[in-house]
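My structure is below; once you've seen it, I'll send some questions.
Per-chain numbering from 1; labels A, B and C assigned in written order.
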Amino acid sequence: MRLVNDVTVTQLTDRLLASYARVGGINHLDGKNLPSKSAVNAIAADLVRLLFPGFFDDKLIHSSELKAETATRMDSVWERLEDEIYKSLEYAPPAGVKKKELRPMARSFTGDFLASLPLLRELLQLDVEAAYNGDPAALTQEEVIVAYPFVEAIAVQRLAHELYLKHIPLIPRIMTEWAHRRTGMDLHPGAQIGAHFFVDHCTGTVVGETAVIGHHVKMYQGVGLVARSLSGGQLLRGQKRHPTIQEHVTIYAGATIMGGDTVIGEGSTIGANVFLTHSVPPNSLVIYEDVQVKVLNKLARPVDFQI
Amino acid sequence: MRLVNDVTVTQLTDRLLASYARVGGINHLDGKNLPSKSAVNAIAADLVRLLFPGFFDDKLIHSSELKAETATRMDSVWERLEDEIYKSLEYAPPAGVKKKELRPMARSFTGDFLASLPLLRELLQLDVEAAYNGDPAALTQEEVIVAYPFVEAIAVQRLAHELYLKHIPLIPRIMTEWAHRRTGMDLHPGAQIGAHFFVDHCTGTVVGETAVIGHHVKMYQGVGLVARSLSGGQLLRGQKRHPTIQEHVTIYAGATIMGGDTVIGEGSTIGANVFLTHSVPPNSLVIYEDVQVKVLNKLARPVDFQI
Amino acid sequence: MRLVNDVTVTQLTDRLLASYARVGGINHLDGKNLPSKSAVNAIAADLVRLLFPGFFDDKLIHSSELKAETATRMDSVWERLEDEIYKSLEYAPPAGVKKKELRPMARSFTGDFLASLPLLRELLQLDVEAAYNGDPAALTQEEVIVAYPFVEAIAVQRLAHELYLKHIPLIPRIMTEWAHRRTGMDLHPGAQIGAHFFVDHCTGTVVGETAVIGHHVKMYQGVGLVARSLSGGQLLRGQKRHPTIQEHVTIYAGATIMGGDTVIGEGSTIGANVFLTHSVPPNSLVIYEDVQVKVLNKLARPVDFQI
């Protein structure tokens, strides 16, 4: 075993620089500015504070301060978000738009987006009510807002969806990935999600880009609304690849529902851990046949079960 | 496409303020102080350091400093936790308790709680031993404490369970949600968890409020001990809704066990991804029938499998 | 209910100190320095920046600054990593190595490890390409690097695997656990993972220590390549306990594949939520029999389905 080596920091640096020159595609140098992950994450956190005033601040907000606090935060978010949207548009300019038009376009998009916050608040209030009504473990709506990861995840998805609809690149995915990291739930900004939505526990739940979810849908941890993995790959972009869930459907933990043509009829219940690749009519109950139970000889214990 | 818009920050602020006035339930203004999430999270981190001295500090602790360091940390935790418990009690005062009694009650609860730390340490030592003994990938108990998310998750649940038993609102859930975010495992503070517990990998595992888990139970990632989603909703509060797992049971990854009447008999093994909604007797082995294996024509490759 | 209690901070501290003296195994006092979690985490973050220059920095890097920035970061990482590796070696010295040899050995290991970065970059470029080609939701490779948790998880595993091969204790697991916490995916540093690897969404996916994964394997969230839980426990250390996945295999969400003898033949597809404990030949399609669909009487709604 060598206990000394003679490689120097300079040599290691030179080798890595040679790799930077040789292995493309995973460097980002001299390129256009990309939107900053840390800036987008901080903006997302401030937007959540604007949506739920008083809940995500360290100190209590009094009505008397509310107007000034809100105006200050709104002003700050506008300035920072406009900058990030500008970088996004510069990175991938919309067809036919000149460079000098990008800054006014970024400003316009930002204003329109911020004007949508009151509407999003109305949707989010319905989500919080659905969560509270659906979970006997919740003592108050305040507990739901303070302690349920779902609230942050759905708030960020509804925000990011507005930006997705404006075809702003990168920022919507950075936002939902921030929420994914914090909550374990990966809701794509493209997904269309109805009112009165609730996902309990959240960890591992995935909703794909072209999924459509009706009103009053309730899901649990580990649910996947996913696409087939096809050899078409990038050629499938833009096609509907993820399922449609109609109103008043309940999907238990770990169920995986696949495919753009798959429709779960209204009022249906999908059992835990089911893998479903075709449509089912309204009011269906979908489960596997009864599991097999073997009762082993008690005297034989302890043995290693031969699974 | 509009490249300018004339909406101003003032107008956006006014619209949002109007929404604050109109859409209730997701504001927290002029209300009682809620316990602070960031304060509760910092207290939880300090409690974990008190439970495992020397493991979660950045520098090594020598025995000579231990008494002074422990006293300082204990003093700081007492003061901060008493404040948060006071806010919790003020937010939802116990029946028949006057406002002036809340501060002494918060102090008493805090003292009782901190007096339980030595007992919790004995339980946690058994959990760490169960983890080490059960996982051949663990080289030492120290590796388990430093690198297994389970240790933090179970420590926080056992702490929060003590506060839950005192009917302190909000704080127990904020604490376990902090651990959920960090480890991916959602152990409700209400769950009764026996000694020698171990969950490997943790991500996605959920244990509900009224679950009862016996001694020597071993689980894996993605396991759910969950409730039926019933139209009763909030009316079901307080009922036993989650299963009972007897001693020496092993539950493999992704298994979902549902219902307050469901009892998994001692010594049983539940296979991965099973969805079980009824009781099984002691020493059961529960698996699905053999999976179906289709071998496709090799010449036909590559095709998109028709799942 | 007691509204006062007379326990003091001093008394609580004394009781906890008595527990520190009595309950061993979960203290770390007067011992050798363990590698610092926070230091190892910061090193991992800097290594990811060295692997993907310009992507994980807050500001844009120009080519003109690249050499100086890279040299500075390389120098800093070398110094800090050597210190942590030294602590690891001191904690568990390799057989027959004297204390005075540990520092040169730590230096040598660090240099060798850092010299492997260019090779790791070539592997990671193939992983990023596999991700982009396999997911129609990805608009550019840059979106994959900025917004897919997979990139960070696989980069950290490939880094940690190099340290694992040198038998350095603790640090590889601390590194992959850092990525596990951030991405929800637990890839053990011991796993042998081929080129062109991709895991979409990541949350809940677990790959065990002795798993072997061929080239061009694609997996989804919640997949487990796991070991049987046997009474052998620590006696099984070093044995192959996790499955082998051959080339061009696709494993859908939530599938659990168990056992060291289990081999998934090349070109196979494993359906979602399958629990597979035996080998399958090449080009297999593995799914459960069709799920059972009950269509309930529409008039009967709303009722609670009797799952």
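By definition in this document, a contact is a pair of C-beta atoms (placed from the backbone, for glycine too) under 8 Å apart; a residue touches a chain by one contact, two chains touch by 3 or more.
Source: prediction; values computed, not measured.
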item: Arrangement of touching chains [line / ring / star / complete / other]; value: complete
item: Same or different residue numbers at the chain A/chain C copy interface, by half rule; value: different
item: Interchain centroid distance [CA atoms averaged], chain A/chain C, Å; value: 22
item: Multi-partner residues of chain B (at least 2 other chains); value: 184, 203-204, 222, 232, 250, 252, 254, 258, 271, 273-274, 287-289, 302, 307
item: Touching residues (chain side chain C, partner chain A) in the complex; value: 50-56, 58, 60-63, 66-67, 70-71, 74-75, 78, 101, 104-105, 107-108, 111-112, 114-115, 117-118, 121-122, 124-125, 128-129, 132-143, 145-149, 182-184, 201, 203-204, 218, 220-222, 228, 230-232, 250, 252-254, 258, 271-274, 277, 287-289, 291-298, 300-302, 305, 307
item: Chain B residues within the chain A interface of the complex; value: 1-5, 7, 9-10, 12-13, 15-20, 23-31, 33-34, 36-39, 91-92, 169-170, 173-174, 177, 180-181, 184-186, 188, 190, 203-204, 206, 208-209, 222, 224, 226-227, 229, 232-239, 241, 248, 250, 252, 254-256, 258, 267, 269, 271, 273-276, 280-289, 302-304, 307
